Amino acid sequence: MSVEQVVHVPSGHEPARRLREALTLLFANKLASIGALLAAAFVVVGVAGSVIVLVPGLDHLYTDQNLRAALLPPLAPDHVLGTDHLGRDLAWRVVTGSGISLMFGVAVTAISMAIGMVVGSIAGYYGGIADRLLSGAIDFTWGFPVILLAVVLGGMLSPGLLVVGIAVASVTWAGFARMIRAEAISLHEKEFVEAARALGVSGPRIIVRHLLPNMLGSTLVLGTYYVAAAIIVEASLSFIGLGAQPPMPSLGQLIATGRNFLSVDPWVAVVPGTAMALIVLGLNTFGDGLRDVFDPRLRRW
Amino acid sequence: MIRFVLSRGIRAALIFVVASVAVCYGLRVAPGSLADIVTNPLNRAFAVKDLEERLGLDEPVIVQYFVFVRNIMGGDFGVSFISNRSVTEIIATGGLNTLKLGGAAAILTYFISVPLGIMAAARRNSVIDQGSMLIAVLGMAIPNFFLAILLVRLFAVELRWLPAAGQGGIKHLILPAVVLAAEAIAINLRLVRASVLEQLSRDYIRTLRAKGASERRVVWIHAFRNALPPVITFGGVMLRTLLGYTLVVEVIFRYPGLGFELVDSVLKRDYAVAQALALVFIAGVVLFNFLADLGHHLAEPRIRERGAAG
Amino acid sequence: MVTPTTGRDLATVGGPGRGPLLEISHLSVRLRMRSGPITVVDDVSLEIGSGEILGLVGESGCGKSMTALAIMRLLPEAAEIAGGSVLLDGEDLVRTKPERMRQIRGAEVAMVFQEPMTSLDPAFTVGHQVVEAVRAHEKVSRAVSLRRAEESFERVGIPKPRERFDAYPHQLSGGLCQRVMLAMALVTSPRLLIADEPTTALDVTIQAQILELIKQLRTELNLSVLWISHDFGVVSEIADRVAVMYAGEIVEIGETSHMLGAPRHRYTRALIDSIPGRGEPRSLLRTIPGQVPDPGARPAGCRFSPRCDAPVSECELIHPELRAERDASSFRCHNPVA
């Protein structure tokens, strides 16, 4: 019998069964089900939007202008969600914007999650001087206002999605690191980890094989929240002109455009704004549902 | 206690120095030198040289940093390249406006979220509870800039009760403060509720009831007192987040505070202003961090004990 | 003579002059579960005389704590009293108004709990918490309530009461915390003290001290005590009478010395046999095989039958009634110990 087998038994997961139980629990909660549905819808729409952004030759969907069909309200013929001041189709623009939000949110969160996992598990597992240094960095970074950082970075580099992404990732990694560090410390004492150590399994191997799989649930929950947060930050900055630059139709920018036509045609702002609210609502309630399933004790902060 | 304040104070100061170096360095080595934007392309070579000399930009960055620090110590934050206003003056007037806005938002946040959160926890599943959870869900889902648009449309465009933007009396403060506070209210409401609920399930609550303490005392004094540490800790995070969002909200409402000036200076590449204001904001972040640590320390007898012992 | 009994039929054993202070009749407590209600306290009838110590024994999960919490009307949210009455001096606590119940709690019926460390509010000094107990019931000045608290501290044997006043619970040992709990419970001179496993979390020496203290206070204050424990050994040291609970119901009740010598129910005998130091010397400590049945899946007949060492054919089919004996003890068994 290999060391891995010996060590793995007591930690005892059966991923398939656990997943099934988790899903049953999740859908027992009404609010969480709605959240899951909204989140799923967002992913579907977002993937379509990403295709529009990434595949060349599709940009006409959201850039084609028709001044004679400008500022149409929703449910107009050919334009389900109406048009903006240049007669561009709002539905396509919202789909594209959702694509940008999805790609941005997921990419940035994945990067911060990776950084946070490395830093957090090193700090938590090894302790000592490494922990003191890394914890200091985590403490300072955690809760640093992302918007402020993005604005200052925007001043150093040129404003755009990349800068916002860097700003968000360089703060949110600390959230993951904080949580993973705490869990690594508590897991460090667990029997199966001690057994693995006693059997001479190396530190990185224990982290990868035992600590990280145990944190998957909590990490996923936090990840869901952070995707929502990243999307809001991006939209906020786009709204004030420091995020995605035109002609990229980020949701924040769509809302900013709509703002100019508020008294003429509020739909130009309300359509993307509602889309944005539904996305965030979906992700947050889905995250809450996941949290109740995976780790009722996990707090949001 | 003194030790704690000192050690955290020193840490805060160190963090601030590191951050200030980063900001100065970052803004000065920024690609697309400021002169590109400020000057007329026709006499660029001359103008750039002139500007750089005038601002000391031809010196090594480290020298520039110390010059900058020396100037700050003397109360001189420099002058805007664009408007020629003194940065000190911008900080003074903008700072006051931002303090008003931030203060109003913070007061709004706590005066609404704390009592509502406690009531929601005390009467779980009641109308109050469900109503406050609805507020929490909406407050978190609706991005504040979109909320701003909706409120402006309703209260400024339709009802004409409040001004849509600008700065003036209390009336100009209401919409920005509400928008700034909205998300914080939502989050804090959830936090207070969850924290009080957690306390209400503790053993000592049963003891209190067993000795005949009134329900009001149990909830508002004991459960709330024990629910405070996470609320205080989070208060630090929240104030920092509010600080970040002042940038957005001030721009939306064209409210002439530090956030508006900072975004404006960044968009216009007005580095002297951007640098000084960024430092003011970072000082705020570090200060809130420190205050939250201090508050948490005071709120938790067990931590206080350990701090005193070692 | 074998007849089904109710609480009323149970004669009070305390002797002359000790009328029942607390009279629990047919008390049932239900837990609302997603799968439907579950009865955790099932038709329990008990009496406690004035100045009497009644022990309530059973394994964890048998419903003893729920019974205690039901008396105090401090049941967790998911639980509710499904029927029966709890008369304190003739006043039905089950039906009394919430504000009146609050006045009774602490002032007339006090309670101490199993975990002294977590049962005190960590954010307030212990002195404050005891003073609070006084002021919850009496409009007295701070000075008076302080003096009362100090007396109470002295009464339960806390050395240097004044110095302990400003301590936070985490600064005190478990034993001291339990004394503080007792001081807090007794500061308002209640007539009944409900002690829910108050010594379980403490080490043996401290436990012995607390037992001594309770006995002494009973004599000094004519205090009635409902002493709840899973440990028959502890109960036998302190209680005048013992009620044994199993799977939500009383299975045997009687005088302590009598029951120790001649238990009738086989569960009682098993509990007594598992007291360390009894039975054959140096034999292995006896344990009862199996565990308390899940309240949702109790056997139809005798609830103890699956674990019983001498079941007869009726046991699986017929749920035994509580039978009263001539000596005012009663038990619930088809095949009692001779």
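Letters A, B and C mark the chains as written, and numbering starts fresh at 1 in each.
By our rule, a contact is a pair of C-beta atoms (placed from the backbone, for glycine too) under 8 Å apart; a residue touches a chain by one contact, two chains touch by 3 or more.
Here the structure is a predicted model, which is why all the values come from computation and not from measurement.
Contacts between chains trace an open chain of neighbours here, each touching only the next in line. Among all pairs of chains, A-B has the largest number of C-beta pairs in contact. Spacing of chain B relative to chain C, judged by their CA centroids, is 54 angstrom. As a whole-number value, the distance joining the C-alpha centres of chain A and chain C reads 53 Å.
Here the spacing of chain A and chain B, counted between their Cα centres, is 23 Å. None of the residues of chain A touches two or more other chains.
Of all residues in chain B, those touching chain A in their complex are 11, 15, 23, 26-27, 29-32, 137-138, 140-146, 149-150, 152-153, 157, 187, 190-191, 194, 230, 233-234, 236-237, 240-241, 243-245, 247-248, 251-252, 262-263, 265-267, 269, 271, 274, 278, 281-282, 285, 289. Within the complex formed with chain B, the chain A residues making contact are 136, 140, 142-148, 151-159, 232, 235-237, 239-242, 252, 255-256, 258-259, 262-263, 266, 269-270, 273, 276-278, 280-281, 284-285, 299-301. By the touch criterion stated above, chain B contacts chain C in their complex at residues 124, 202-204, 206-215, 217, 222, 225-226, 301-302, 305.
Note for the complex: chain C touches chain B at residues 72, 74, 77, 102-107, 110-111, 113, 115, 118-124, 132-133, 136-137, 168, 170-171, 181, 184-185, 188.
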